[in-house]
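In what comes next, chain A is part of two complexes: it sits with chain B in the first one and with chain C in the second one.
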Partner chain A sequence: MRGTNYVVKRTLFALMTLLVAVTLNFVLFRAAPGDPASALRCRACTPEFKEAQRKEFGLDKSKLEQYGIYVKQLAQGNLGSSFSSRRPVWEELKDPLLNTLPMVALGTIFSIVFGIASGVVAAWRRGTVADWGNLSVSLFFYSLPTQWLGLMLVIVFAGVLPISGISDPFLEFTDPSWWDTFVDRLKHMLLPSMTLGLVLYGDYALVTRSALLQTLGEDYILTARAKGLGAWRIVRRHALRNALLPVSTLIAISLGYLVGGAILVEAVFSYPGIGLEVYDAVFERDYPMLQGAFLLLMLSVVLANYVADLLYLKLDPRISE
Partner chain B sequence: MSLAAHPDETPRTPVVSRRQQTWLAVRRQPAAATGAVVLLLFVLVAVLAPYVAPYGQREKVGDLFASPSGAHPFGLDDGGVDMLTLMMHGARISLLVGFAAAAVAMLIGGTVGLLSGYFGGKIDALLSGVTNYMIAIPDIPLILVAAALFGRSLTNIIVIIGAIYWTYTARIIRAEVKSVRERVYVKRARSLGASNARIILRHVLPQVAPLLVAQTVLFVAYAIFAETSIAFLGLGDPSLISWGKLIENAFEANAITAGAWWAIVPPGFAVAFVVLACTMLGRTLEDALNPRLRVGHLSVHRFRVRRLAAKEQE
Partner chain C sequence: MRTRVLLIAALAAAAAILAAGCGGGGAEESAATATTGAETPLPDTSTEGATTGEAGGEIVKGGILRIGSTDHIDSLNPFVAFNAQAYVAFVMIYPVLVQYGPGYEFEGDWAESWEVSADGLVWTFAVKPGQWSDGTPLTAEDGAWSCNTIIQYKSGPTANLAPFLSHVKECSAPDPQTLVMTYDQPVGNVLPQLQQFFILPKHVWEQHLGNSGKDLKKVKPEDDLPLVAGGAFTITKHEKKGTTIYEKNPGFYGPEPYVDAVGLQIFTNEDAMVAALKSGDLDTVDELPLHAVDSFEGNDDFVLERLEWFQVNNFIFNSNPKKPENTELLDLKVREAIAHAIDRQAIADTAYAGYATPVASIVAPVTGEWMNPNLQPEPFDLDLANQILDDAGYPRGSDGIRVNKDGEKMEYEVITPTGVQGINREFEVVRTGLEQIGITVTQKALDDTTAFEEIGAPDWQYLSFDMAMWDWVGYLDPDFVLSIVGCDQYGGWSDTGYCNPEYDKLYQEQGVTVGQEARKEIVWKMQEILYDDRPYIQLVVLDQVTAHAKGWDGLWPELGGFSKRPWVEAHQVAS
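Here is the complex of A and B:
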């Protein structure tokens, strides 16, 4: 079958990356000064709890054995338990992960919409003030620290949109319909995802612009023009479709940034997602939580990249050759 | 003699060295020149901060969150310290982290790229394998976790950022070295019995050095970004003031609820200016020096604008 080779290659790469990620996760946390249990600084933790942790981590065994145990536990879905809540890490992270997904997805949609729109305008009006202005603005946003931009949005939108949390705590007293709940969630999601969207859209704008400029130089565009089609129709129907191909690769690439951005943005907006868990875990020195969250983040990025690779084969069969 | 007398008889295309190419790129492109000037200004402020800063960096000179005035153009922070002074001192740490971490990344990435590109074979398979897997792992979370585990001192933070950001440099240098290695003069040196070390140091490294520098300039920006993230999670050196630390301070001290926008706006703009300057300079240099960027739309490369602009002029 065509492309089998490619699929096998990408699968192997994803699996290897996963292995590297897991190994890295193991090595980093074991190489840290002090062992995970002695790093515990919470007052509430009893010596018995620490001892249990020590045993759970198998710290009395050799490093290689420890690694084997770690991988085995992971395979069973066991991420250890949180120092501060003492509940299993996976139980603690499940809901935050589900909260983060739609927020990050909305952010990506924002960045794609802004990016393509401003890229099209820039390419269409290339060399004009519109082009220059569009690029400057997107570059400027691209150069801002994510957390800072989030704080600026707080200043601008305070009072207009909710600036913290994921839902209105008073809403449940009013017996809301699912629609009210949905709107409320969406409102709380708006600023965090807008922050991600604004920081990221410059990438899409630049790639759209350059890809569009490339396709606009192709012969079939000349043909379309010779047929007497209008400028907008040429851009939309003929040029943009082909230009979107490189844009689609960006979606997967930007994911690596998005998970980093999510940590910062969720901290700014106290949005209870996996990023906020990372933020809190850092403060509380809750290493199992940090390790689990980090692993989940890496896992989702590797997985998303893998899916993108496969989708790309559908979009552009040429890459299998 | 006749040659000297009639220099124009044989028209020759001038041979332009890499160094000249670099210089021309900076001079011809206003973006690169602007970037260089802005960067230089910030470096100057950072170096001179202890001498030109109007107040002490721990000196309480007025009310908490006092608004901007003639004496304090950027206002005061949550401890009543002059923001302008803090910004100047912050530039020191932020730029130090930026340049030092980029240098670490250059060292690791350059070495890996040189070795894997030059020797090829098993060494290449191993090194570029590691590079590719590392690239696939999201770097900001990795940096944050590493900082949480090992961090809090300036040196550690610099090493952590550098040790994670070397991958792109390695990849680009590897590709360049692979092409340089096949050039005739390198082959000639080899047949004359030059050792690998000599060929790498004398013939390959000087060819890839400008590209390495361009990459490093770019990564100064990324490193400064990374530092603000580390500081925002409270993982920076608590005794040092950086722009990232100022943002974190303002956030923790609820500068926004207090209406003290001046405590938070300046550090963000400073980061943006430096990042923009580094990107403009680095990208232009890279475009001028890396012919590989002209191949294929699949290499999703940021800021390809200038490359296309150059193409249109042709």
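Here is the complex of A and C:
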């Protein structure tokens, strides 16, 4: 019952967050100076032309009216149409989102696997060269600006791995098989994924190490040792399971932010994902695109937090008490 | 970003918009008497076997030309697109009547020849037979329909392209190979305008005239590839931020391109683009970042080409006389002093690695005789600048900062848009110079859209800002860059709040002056007025540097957005 209350509370909280986010989404971009019409610059863009554009985009209506239309459209699952391309926002975002997700997923998997492994080794071998080495490398990558690391990878791997785009633009002229296409996509995904993965890896490694060190100092670990259990078994069965509590939360939360964090990586690698769409839409003051993209980002963050909350309940039932 | 435009539209301006306008005469046209033009024939590439290219190497037919760029095609619908890259695409895929050739002389593209009536009102073009890429014949009727449609909806859906048909009353096609364009008054720059009048396939577009023409803007050519094209190439693949593949149009009315296809790859990171060029993933880039030029010096695998270009960077004064604060900046003596305190050569050397030249006019030297050669940049002379301010009654305070006539310190903000490359270093040179004449300036860096809003604030009345820095990218015909300071540009292009009825009168006059010499005199006079009134202090004109792999030739980088030549003549050379 307590568990149910907890779930209901978290669900309501997530829904409220979304509602506030939807409103903020509307207000925030309109608070920036300029609008889609003023951002237009062309020989024909006379003040009259810009006024006509505002009318076409519905910007001549009061903010309240615009908000009403926005919410009504949203309730019908309609994100509106992009001001710059005149295409439905969902159509504009769908493909970039599908490009971003596998790239982000690959990076995340890499960071989780290597981050946790590195953290475990460092904690278990505390005070040794292995600990010092893992800690230094983790701290190094954790503190690197994402875009700088991306640029370094571009310089180092140019000519070895694809450094831009999502596929070899000229592959189609070679009549490729599905396998060739798959391998090509994977190769293009590698450097952006690694950039994300390396930065996140440091984060996971540090948290895992710290959490594991804490659990390794617990009495039940001493008991396990006293019982004569093997080192790996103690770590795997007793220490790591408990240490993973903060790590799993971090993973869930990071997953939400990863979609947003891809903006920098996509800009460096010219990767046509959702981050690039957001980047352009900001300059163009393309409100529907921004609202649509940020709604997706917010959804992913809220959802990830919600999942983290529920996961916590499963991992640590005390939380519902 | 290379124009002062806000992002998208920025580059848009560069290639798109500029030639338009209501006037201006071109060198190629003479007044009053009937004249005839004819194309400079492109090389015949139809013969199989080895031929010899310009560089003397043996031409290798076929292959794919891989181009890198940081400017993407925002739309393949000409009624919607703004970016320069989109206009390059339109030049490749759609027929245009005339284009720029070597030495920026006009030559026919679709037009075989043309003549103008004695009163300068009727232009008759003999057009070549050809086919759209779907097999439909390309006729003058397509030209007449495109023209009349643009005119019909010019204040709405077709406003983007309307400036290129400024003063055209109607178009007709008396026969499939003859297009007649009738103007309501003689216009000086007809050919520069028509260079960006794209002929669309009537059979594709006429079904989208509904909703008072507004449906034209809803057309998505990219959704229905291969695109129906009448130019040298059609588009078979298009990713907005990825790759666009151009393949040859077999029905093209001109010579067959040497290459099988052109692949345009978009980069959002110019360093990655440079790395891709160096590693052999690209054959050429449309513009090399100036900071990367040195890394190609001495590299025998690449050919660098340094071109005179159109981007003029400038220092802007709010010139609205109704400006309520810091009105001493309206004093021409203060502006003159500031002009002498800016070390333009230092800007060229430090901000642009030497690939820039000090200038005095907004009309770039590359336009040839349109630039007034009598105007020279004010010499960098701090003593003179200090003297001018002392004489004008702006004494230094105890802290060394000068004060205006109300005793207020001469301290100002300078708006700088983040989209202009090198602007921070450029500002530092300006700041250092002004500091030495007792004027303190601080940088206010804003994204381009916000910067332009701040300049026009409040509500495009130009009352708030003091100074700014930006750039203008002109065109071969000076009409566009001369138009931006017109009184009617408040809320439009204006970034100075400048308004001078005498200047506007001259602008209108040059627009209907057909004789080149007569028009040139007016254009020079307009530049003198701007020089004296100083709504801008022109700083430097930037070069454009391109690079291509050594095995390529016939790329004509200077004709990039102006002609089909680069795409038709690009070829590999046998090693």
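Here, the second predicted complex is superposed on the first by the 267 of 321 C-alpha atoms of A that agree within 3 Å, B and C clash if a C-alpha of one lies under 4 Å from a C-alpha of the other, contacts with A are read in each partner's own complex, and residues count from 1 in each chain.
The rule is simple: a residue touches a chain if its C-beta (ideal position, glycine included) is under 8 Å from a C-beta of that chain, and two chains touch if they have at least 3 such contacts.
This structure is a prediction, so every number in the text was calculated from the model and none was measured.
In the superposition on chain A, A:Arg86 contacts chain C only, with no contact to chain B. The larger set of touched chain A residues comes from B, when the choice is between chain B and chain C. By the touch criterion stated above, A:Thr249 is placed in contact with chain B alone, chain C being left untouched. Contacts of A:Phe294 after superposition: chain B is touched, whereas chain C is not reached.
Looking at the shared chain after the overlay, A:Phe283 reaches both chain B and chain C.
By the document's definition of touching, of the two partners only chain B reaches A:Leu135; chain C does not. By the touch criterion stated above, A:Leu151 is placed in contact with chain B and with chain C alike. Applying the stated contact rule after C-alpha superposition, one finds that A:Arg10 touches neither chain B nor chain C. After overlaying the two complexes on the shared chain, residue contacts for A:Leu264 are found with chain B alone; chain C is out of touch.
When the two structures are aligned on the shared chain, A:Leu206 is found in touch with chain B, with no touch to chain C. Overlaid on A, the two complexes show chain B and chain C touching the same residues of chain A, namely 32-33, 151, 154-155, 158, 267-268, 279, 282-283, 285.
Note for the complex: chain A touches chain B at residues 13, 16-17, 20-21, 24, 28-29, 31-33, 135, 139-140, 143-149, 151-152, 154-155, 158, 203, 206-207, 209-211, 213-214, 245-246, 249-250, 253, 255-257, 259-261, 263-264, 267-268, 278-279, 282-283, 285, 287, 290-291, 294, 297-298, 301-302, 305, 319.
Residues 32-34, 38-50, 52, 84-87, 151, 154-155, 158-159, 162-167, 169-170, 172-173, 266-270, 272, 276, 279-280, 282-285 of chain A touch chain C in their complex.
Chain contact summary for the complex, chain B toward chain A: residues 129-130, 132-134, 136-142, 144-146, 148-150, 221, 225, 228-229, 232-235, 244, 247, 250-251, 256, 261, 264-265, 267-268, 271-273, 275-276, 279, 297-298, 300, 302-305, 307-308, 312.
Interface of chain C with chain A (complex): residues 3-10, 12-13, 16-18, 20-21, 64, 66, 74-75, 80, 82, 155-156, 159-160, 162-163, 217-218, 220, 237, 239-243, 245, 261, 263, 265-269, 271-273, 275-276, 278-281, 447-450, 452-454, 456, 460, 480, 483, 488, 490-493.
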